[in-house]
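In what comes next, subunit A is part of two complexes: it sits with subunit B in the first one and with subunit C in the second one.
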Partner chain A sequence: MKKKLLIIPPLLFLLILLTFFYLLIIERNPSEIPSNLLDKSVPNFETESLLKKERFISSKEFGKEIMLVNFFATWCLPCRDEHIYIKRFSDEKGIRVIGINYKDNPKKATQWLKDMGNPYSNVPIDKYGKIAIDWGVYGIPETFIISSEGIIKYRHVGSVTKKIYKKINLLIKEIE
Partner chain B sequence: MAPSLGNFALWLSLFFAISQFFISKNNNLKLIKISVNGLIISSLISFFLLMYSHVVSDFSVLNVFQNSHTTKPLLYKISGIWGNHEGSMLLWILVLTIFNYFIFKLYNKKNSTFISKTLETQAFITTGFILFTILTSNPFERMFPTQENGLGFNPILQDPALAIHPPLLYIGYVGFSAAFSISIATLSLENSEKIPWHIYMKPFVLAAWTFLSIGIALGSVWAYYELGWGGWWFWDPVENASFMPWLLGTALLHSLIIVEKRRSLQAWVLLLSILAFLLSVVGTFLVRSGILTSIHTFALDPSRGVYILAFTALLGGYSLILFGTKSKKYFDNNYFTFFSKEGSILINNILMVVVCATVFLGTVYPLLIEAFTNNKISVGEPYYNSTVIPIMIPAILVMGIGPILGWGKENKSKIIKKILPSILLTTILTIFIFLIYQSYSIVGIAGIILAFWIISNNLIILIKKNKNYSIGMIVAHLGVGLLILGITGSSVWQEEKITRMKIDSETKIEKYNIVFEKINEIRGTNYVALQGNFLIYDEKKNIIAKLKPENRFYPITNNFTTEASIHTNLFRDLYIVLGEGNLNDGWVVRIYYNPLVIWIWIGALVIFLGGITSININLKKLKILSQ
Partner chain C sequence: MIKKTFIIFLSICLIQFFSNNSYAVEPNEILENQKQEFRARNISKNIRCMICQNQSIDESSAPLAKDLRILIRNKIKDGKKDEEIYKFLTDRYGDFILLKPSFKLNTLALWLLPFVFVLIGIFIVFFHNKKSKKI
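== the complex of A and B ==
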């Protein structure tokens, strides 16, 4: 056995550990599956709006400025948790947020927005979850960043926390 | 009171572990004895005090609050200790100290330096894990104010097989730590080639391998009965984490025989015993750091990950560099003939290591890809099926021939005479099986023939009471044959049917008619459930079983679980899972026809018995040696 070969096991071992270390310290969510819709235009859809009389037509809404799309429902507890951050996007940062009301009772949703404050510029209703399917949503809340060209730039699964709030703000600046 | 004492005992065991590390250098028997005994007693105390806190539901302890509830059955209050990260670390430490104690038992005048050195390494490992527990995951952490009741225990873990699965698995993982320490001692001491280190190592490897085998099998039992997915192995990263040390353990066990009989492969054995333990620790890291997702992952906490990683780097870096610099005198240039016992063991060794590397690659590949390219991929069953199975088939073939070959050169015509009876038996059994199942695929035929080949070989040796063979080995090999029979049958001939059924409707799978009779609401100790009643009719319209799969709801943890209901006989399992539904639309029902599954469990049990027998025999050898 050549002596030099014996250096391979420790080197290989340390290389693998270094990779693990790198993955540990970077910010990542191992259960997150990247969206197929990333860098593609938003799916087209048309539906009723919770707050306005005219129907919500996606092609008319998107593609003018950077926007957020947030899937929410009154029955979803994490949505309640992230509500203050969604509000901060619209109140403090002046970003338009579309809140898609997912499989919900419209009356409850209206009341909910009255009680908690309404951060959304428009609330299309996704009564049967069909719009969510087009967006590839697999569990609400989910939040998407849409560029001014109407392209999906980022997707976050789960509620928006302080960390994610900052991250989304940074991303928005980058996209601008 | 109890939790504070437990915490104190944990700190005490840290003290004893550190002192053992320093005392072992001086080789002072009296002091070593005190620290070894102190270590095992203090960790026993801290373990039982945590158990006490769980049993009496002391919710001032965070660990109890997070994982227990007053309504939980006693068995699961106890198994709840190792059903969570912090408590399981305490069990891990306890097993480490028990093995530490057994190593100390080997101590005598002739080998005192060697055993001291081994104890030093073992103390280092133990210190590392105790420190990890105290710093990042102390199970005795308190919470104020004390809560009325706990959060409950993940109901999916409330299963008898899972209650004993972790302890057995840990005996396996930790057993390799003893082999690791012995290997380090052998490499670092100057004149250890005169010491029969392989005889010391073998019972530990055997124990580790035997308990790892049964531990993995029980994990499979749990997955099969509790998860309700119809299968028993899913190539989940955590399953792989236990499978990899098992593969290396298998190679190690067999190589040790060659060291014993031929004084060859010593360097190889030393390396394998280092790698087997390192893989166990890396496996722990993968599970505990949250670096990947799997049904097993514990709570995410990067600081834990960084600690285990640093510790692994230290252990691995040190041991592998030590191996690189000191192993020279253990290399030999012996060549083996292909047709001999040592030849077949060597081939088996290579194949086991290749399978292990393949599984390792599949497990870490998604992580490597993500680190270097930022893409996410997942590696699943198709990869493992198309890589592992083709390598395993020749390994099994060799396993069928190896034991009957002699050491050194073998006369080929004699072999044929030897194996004639088992060829006959194999042919008969194979024809019999195919008459029953009447399904032919290449993998199926190969698997069944190989299984019967191994079974009949070992059965014939067992019946003849041939004294040339170790009985433990023959029994364990017989178990592997049965295991392969079960694995082949259940994976090649499985049938699955997913359908929506209303009350009184019926469906057919294989030759069985299944009638959905009624659905009941039932109430358990800490759950409520919907229970479906299914009547199973055979071809002659006789009722052969009544299956009652359940859909359970645990209000405390707000969880749903499915309880599959299974009718088992020696030829097949009928497996029914109740899905979602209501009275008007009916329920989604999944029905599986799983041939020969029971032989997997029987096989694993036989392997375990064979292993235990072998441990006994080897302990006797040790006794003779120390006299």
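== the complex of A and C ==
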């Protein structure tokens, strides 16, 4: 009986080792925090638009089709890196992308979009970062998938890479 | 020589013990009403900086931490209760934003497992002693 019990500690130890090993090899970013807004409605907000004269009213924009929301700024280098993929979403896939301009200089942002190309159907201005807080944003760039019912389905923190671009496309197909 | 080293060591310890942590709160953020400022500081100490993750927003100089400190102060000025402010933040950032996890069904293991392990430990020691005495 005692001998049988002795096997438990090494077994437990092996189990712990395997768990840690598994967590090491799977691809995950331990500092990424899951969004608390998943499967919830888009936060309501109203603000100026960078490109249009009329104000941006969220309730009028969301809830008609699947859309992407991308928080960006000209001072954010990873935003520059992902821009090519954000453009591919709108140019190749025909997805509407709302670009929320986070704590930026409007003149610089307008010029930036002229130089790099504008993938956004509308660019609401988040001058003081208050809209970002309502979206639980903590590090731009951040990209959200919004369903046609206006529900947040996915959030990616950081630059959209080729891999993430493919992942978002797959997710959009699933949601459709 | 040893005495001198001891005195230097002791003074360093005392300075460390009595000195406050360095806070990131900027002078223009501080509220005039001392009671309200005290509440804001208490809340800020319990809120995690989402960028630095192991610092509270009271200690962090990250821009988002500053935004949240100002937001908390504005909410206090608007007459919001502490619970309402905590709820506002956890609604957006989840429980992760609280440095001290709340006592909920999904955090039950986190809170209770240490006690379970202590009980198991006591049981093992007790059991072991009883056996040894017999021999």
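Here is the rule we use: the second predicted complex is superposed on the first by the 174 of 176 C-alpha atoms of A that agree within 3 Å, B and C clash if a C-alpha of one lies under 4 Å from a C-alpha of the other, contacts with A are read in each partner's own complex, and residues count from 1 in each chain.
As a working rule, a contact is a pair of C-beta atoms (placed from the backbone, for glycine too) under 8 Å apart; a residue touches a chain by one contact, two chains touch by 3 or more.
Bear in mind the structure is a predicted one, so any value in this text is a computation, not a measurement.
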Point to revise | subunit A as common anchor, with subunit B and subunit C clashing or fitting | key: clash
Exercise for review: Return first, second, both or neither, reflecting whether A:Asn36 touches subunit B, subunit C, both chains, or no partner chain.
Suggested key: second
Review point. Given the touch rule stated above, what does A:Gly136 touch, subunit B (first), subunit C (second), both, or neither?
Key: second
Check your understanding: When both complexes are superposed, which of subunit B and subunit C contacts more residues belonging to subunit A?
Key -> B
**Study point:** Contact residues common to both interfaces of subunit A (with subunit B and with subunit C)
**Key:** 31, 33-34
Check your understanding: Touching subunit C in the complex: which residues of subunit A?
Key -> 31, 33-37, 103, 128-130, 133-136, 138-139
Practice item. Give every residue of subunit B touching subunit A within the complex, in rising order. Key: 267, 271, 275, 278, 285, 289-293, 302, 305-306, 309, 312-313, 316-317, 320-321, 323-325, 327-328, 331, 364, 367-368, 370-372, 376
Review point. Tell me, which parts of subunit A touch subunit B in their complex?
Key: 1, 3, 6-7, 9-10, 13-14, 16-17, 19-25, 28, 30-34
**Study point:** Partner subunit A, residues of subunit C touching it in the complex
**Key:** 50-51, 53, 63-64, 67-68, 71, 90-94, 96
